[in-house]
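Scrolling down, you'll hit the structures one after another.
First chain A sits with chain B, and in the next complex the same chain sits with chain C.
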Partner chain A sequence: MIVNELILPVILVTIVLVVGAYLVAVIDGMIAAALGTPQRGGAWLAPLTQGAWLLTQQANATEAPDWRAWRLAPALYLALAATGLAVVPFSPTLIPTDLVTSVVLWGSVEALATVVIFLHGWSANTLLALIGAYRYVALGLSYILISMFVLIGVALPAESLQFSQVVASQEGLWNVIRQPLGLPLFLIVGLGMTFWGPFNLADSRDLAGGTASTVSGPSRLVWELARAAMLVAFSGVAASAFLGGWLGPWLPGPLWVMLKMLGVLAVLLLLGRLLPRVQPERCVTLMWVVLLPLSFVDLIWAGVEALL
Partner chain B sequence: MELLTLFFILLIAAGLGLLIQWLPLRRQPMPTYPQRAPFLGGGLPETHAWSRFHVRYYPMTLLLIAFEMEMMFMYPWAVVFVEQGMKAVMEMGMFLAILSVGIVYGWREGVFKWQ
Partner chain C sequence: MDYPLIVDIFFLLLATLAVVSGWRVFCTDSMVRASFFLLVSFIAVGVIMILLTAEYLGVAMFFMMAVEMMVMAIFMVMFMMNPAGLNPMMMVHQHKFSIAAGVAIFVVLGGVALLSEFPDNPLPADLDPVASLGNELLGDSMLIFESAGIVLLTTMIGVVVLSSHRGRYGAAEEGSMPPGLEPGGDPAGMPEEGDEGGHHHCH
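Up next, the complex of A and B:
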C-alpha cells in the first residue's frame, strides 16, 4: 500500500518533471534553431552543458537580500510545479494523487505561483527585480480568473472537480472540440503562469532579466528548471482538461497522455518564439476587457452544451 | 492518504530545489561588496529598492477579490450544475451579470490602464 500510494506517485512525478523540463529546453532550442536564432552546440546537449555551467558558476549576491526568501522562492516554484503535476491522471488507475477536488488544487497552485514569483523579485533587494515582480502580479491577478472560468467549464459536463472524472467525461468528444474557446484561452494562461514568450513580464529583457536579473549560479538553475517544470505540469493539466487525457485508440493510456503533453508543449514553445512580448500596461486591459468576457462566453457555451 | 502523498511530493520537490542550491553554494566565498551592488547597468543605486511605488493596478486587485469570492461559490455550483439545470444557469448568470457591470464601470474609470 505504501509503495502504491506513496513511493510510486513520488517517483512518477519526479521522472516526468525532470525529463519534461529537459525536453522543454530541447524543443525550445530546436524551434529557435529552425527559426534562425543561432544556437551553441546541439539541441540535445546544450541544456545539459548550460545546467552544468550554472551549477558550477560562482554565484553573485546583492547587498542585503532576504536570504531565506531568495533561496526559497525557486524551490517553492519547483514544489508548486510538482504539486500541480501530481493531480494529472495518466490512466484510469495510474494517478499520482486522485484528489476529489483536484481542479481546486490546480487553481491554488496558479494563485500561489503569483506569490512565489513576487517573492523571488522582492527578496533580491534590487530595483529591476522588484519592478519585474510588480509587473508579474498585475499579470498574475488578471489571468487567474480566465483560467478558473475555463476550468469550471470543463468541470460542468463532468459534474465533478476531479481531473480523472473530467477525462472520463470526454469519452464521446474531447473538450477541445466541445468547448472550442477553452484550450486557446487556457494556453494563454499557461504562457502567463510561466511568464513565457509573449507574457514574459517578470523576467523580460527590457528589465535586464527582471526578477532573475541578479540571480546567478545554482539558484538560477533551480529557477529556470522550475519554470520549465511548471510548463510541463501545465501541459499535463491542459492535456487532461481539453485533450482527453489517457483516451485514444491503439496506444496505452499513459503514452497518450505523454504524447498530448508533448504536443501542448510544442505549441506553447512555438507561440513563445513567434509572438512578440505584450506591453505590460496593455496586458491588463487585454486580459480583463477582451479575454475575460471570452471566458464568460466559454462558460456559457459549456453550460448550455452540458444541459443539451 | 491522497493529501499525505501530495504533501510528501511538495516537500521532496522543495527539498530538492533547496539542495541543488545549498550543495554547490556552501563552499563558495561571498562576493565582495562592490560586486554585490544592485545591477543597474553600471549606474549608481540612487534609490532604495524598497522605496514607495505607486501600484497603478491597485483598483484592479479589488475587482479581482469580488470575482474570487464568486469563484468560491462556483466550485460547488459546478458539481450540481447538470442536476439543477436551468435554475443553476439563471442564478449564476445573474451573479455574473452583476459582476460584469463592475468590469464595465472599472473599464470606464480606467482601472485597467497604468498610465
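Up next, the complex of A and C:
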C-alpha cells in the first residue's frame, strides 16, 4: 500500500520532472539552433555543462536581502511544479494523486506561483528584481482568471473537478476539438505562468534578468530548473485537459501521456522562440480586453455544448 | 473511526505550523513577510481540511488565500510610506486592547472545543464531497447564487477595464496632469519652476 500510494508516485513525479526539465533545455537548444541562433556545444550536452558551471559558481549576495525567502523561493517554485505534475493522470490506474478536486488544485498552484515569483524578486532587495516581481503580480491575476475559465469549460462535460474524470470524458472526442478555443488560450497561460518567450516579463532582458537579475550559482540553477519543471507540469495538465491524456490506440496509456506532453512542450518552446516579447502595458490590455472575453466565449461554448 | 496513525502525525505537524506561522505574523517587521506568514498559516489549515476529507474547501483555501495575501501585501505596501515593504517597521499597535481581545477569543474558542459535543457520523463510502457541498451551501437557490456570482464578476471585470487605462487626469501611459483651478488654467498643485530652493535637478 505504501509502495503504491507513496513511493511509486514520488519516484514517477521526480523522474518525469527531472527528465522533462532536461528535455525542455535540449528541445529549446535544438529549436534555437534550427532558427539560426549560434549555440555553444551540442544540444544534448549544453544544458548539463551550463548546470555544472552554475553549481560551481559563487552565490551572489545583495545588500540586506531577505535571505530565507530568497533562498526558498526557487525551491518553492520547484515544489509547486511537482505538486502540479502530481495531479496528472498517466493511466486510469497510474495517478500520483487522484484528488477529487485536482483541477482546483492546479488552479491554486498557479495562484501560489504568483506569490513565489513575487517573493523571488522582492526578497533580493534590488530595483530591477522588484520591478520584475511587481510586473508578474500585475499580469499573474489575468493568467489565473483565463486559466480558471478555460478549466471550468473542461470540467463541465466531465461533470467533475477530477483530472482522471476529465480525461475519461474525452473518450469520444478530445477537448481540443470539442472546445477549439480552450487549448490555444491555455497555452498562453502556460507561457505566462512560466514567464517564457513572448510573456517573459518578470525575468526579461529589459530588466537585465528581472527577478533573477542578482541571483547566481546554485540558486540560479534551481530557479531555471524550476521554470523548466513548471513548463513540464503545465504540459502534463494541458495534455490531460485537452489532448485526451492516456487515450490513444496501440501504445500504453503512460506513453501516450508522455508523447502528448512532449508535443505540447515542443509547441510552447517553438512559440517561445518565434514570438517577440510583448510590451508589459500591451500585455495587460491583451489579457483583459482580448483573451479574457475569449475565455468567456470558450466557457459559454462549453456550457451550450454540455446542454445539447 | 479507523484511520492510519500518519494522519494524526500530519495533523499535529500542520497544526503546529499553522500556530507558529500565525504567531510569526505579529513578530515580523515587514508587511510583506507578515502577509506571507499568514498565507503559510492558512495553507496549513487548508491541508488539515483536506485531511478531514473537506477536499474542496481545503483546496479552495489555497488559491483564495494565495491571491488574497498577494493583493493584500501589494496594497499595504502601496498605501504605507515604506518602499517595497523591506524597511523594518513596527507591525503591532493597541497592545492592551489586542491582548485582551486575544485572550477572550482564545477562552471562548477553547471553551467551544472542550465543552461542545461533536457529531460522530462516519462518512458514507459513496460521498461526493464537491457535489454534496454545493447542495448543502446553495441547495434550491443555486441558480440565483450563480447569476449573482456572474453579475459580480462582470462588475469586477468592468471596473478593472474602466480603471486600468484611463486615469482621472488622462491616459495612464501619458502621465497624469491635474486640471486647473479655473477652466483652462494651469495645472493645480504643481510646483513653480525654479521654486526648488537651490536644489538642482536635471530632466
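Here is the rule we use: the second predicted complex is superposed on the first by the 308 of 308 C-alpha atoms of A that agree within 3 Å, B and C clash if a C-alpha of one lies under 4 Å from a C-alpha of the other, contacts with A are read in each partner's own complex, and residues count from 1 in each chain.
Basically, a contact is a pair of C-beta atoms (placed from the backbone, for glycine too) under 8 Å apart; a residue touches a chain by one contact, two chains touch by 3 or more.
Fair warning: this is a prediction, and the values are worked out from it, not measured in the lab.
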Fit-or-clash call for chain B and chain C when the two complexes are aligned on chain A: clash
Which of chain B and chain C A:L99 touches, first, second, both or neither: both
First (chain B), second (chain C), both or neither touched by A:Q170: neither
Contacts of A:L141 with chain B and chain C, given as first, second, both or neither: both
Comparing the two partners chain B and chain C, which touches a greater set of residues in chain A: B
First, second, both or neither for A:L130, with chain B first and chain C second: both
First, second, both or neither for A:S108, with chain B first and chain C second: second
Which of chain B and chain C A:L161 touches, first, second, both or neither: both
Partner chain in contact with A:V222 - chain B first, chain C second, else both or neither: first
Touching partner for A:L119 - first (chain B), second (chain C), both, neither: second
Contacts of A:W288 with chain B and chain C, given as first, second, both or neither: both
Chain B collision site on chain C, chosen from 7-15, 151-159 or 187-195, when both complexes are overlaid on chain A: 151-159
Chain A residues contacted in one complex by chain B, in the other by chain C: 99, 101, 104-105, 107, 125, 130, 134, 137, 141, 144, 160-161, 281, 284-285, 288-289, 292
Contact set on chain A toward chain C in their complex: 64, 66, 69, 99-101, 104-105, 107-108, 110-112, 114-115, 118-119, 122, 125, 130, 134, 137, 140-141, 144, 160-161, 281, 284-285, 288-289, 292
Residue numbers on chain C that touch chain A, as the complex places them: 30, 32-33, 36, 39, 50, 55-56, 59-60, 62-63, 66-67, 69-70, 73-74, 84-86, 128-130, 157, 160-161, 164-165, 172-173
In the complex, chain A residues that touch chain B: 5-6, 9-10, 13-14, 17, 55-56, 58-63, 71-72, 74-79, 81-83, 86-87, 96-99, 101, 103-105, 107, 124-130, 134, 137-138, 141-142, 144-145, 148, 152, 155-157, 159-161, 208, 213-214, 217-219, 221-222, 225-226, 280-281, 284-285, 288-289, 292-293, 296, 300, 303-304, 306-307
Chain B - residues contacting chain A, complex: 1-6, 8-18, 20-25, 28, 30-31, 33, 35-41, 45, 47, 49-50, 53, 55, 57, 60-61, 63-64, 67-68, 71, 74-75, 78-83, 85-86, 88-89, 93, 96, 100, 103, 106-107, 112-115
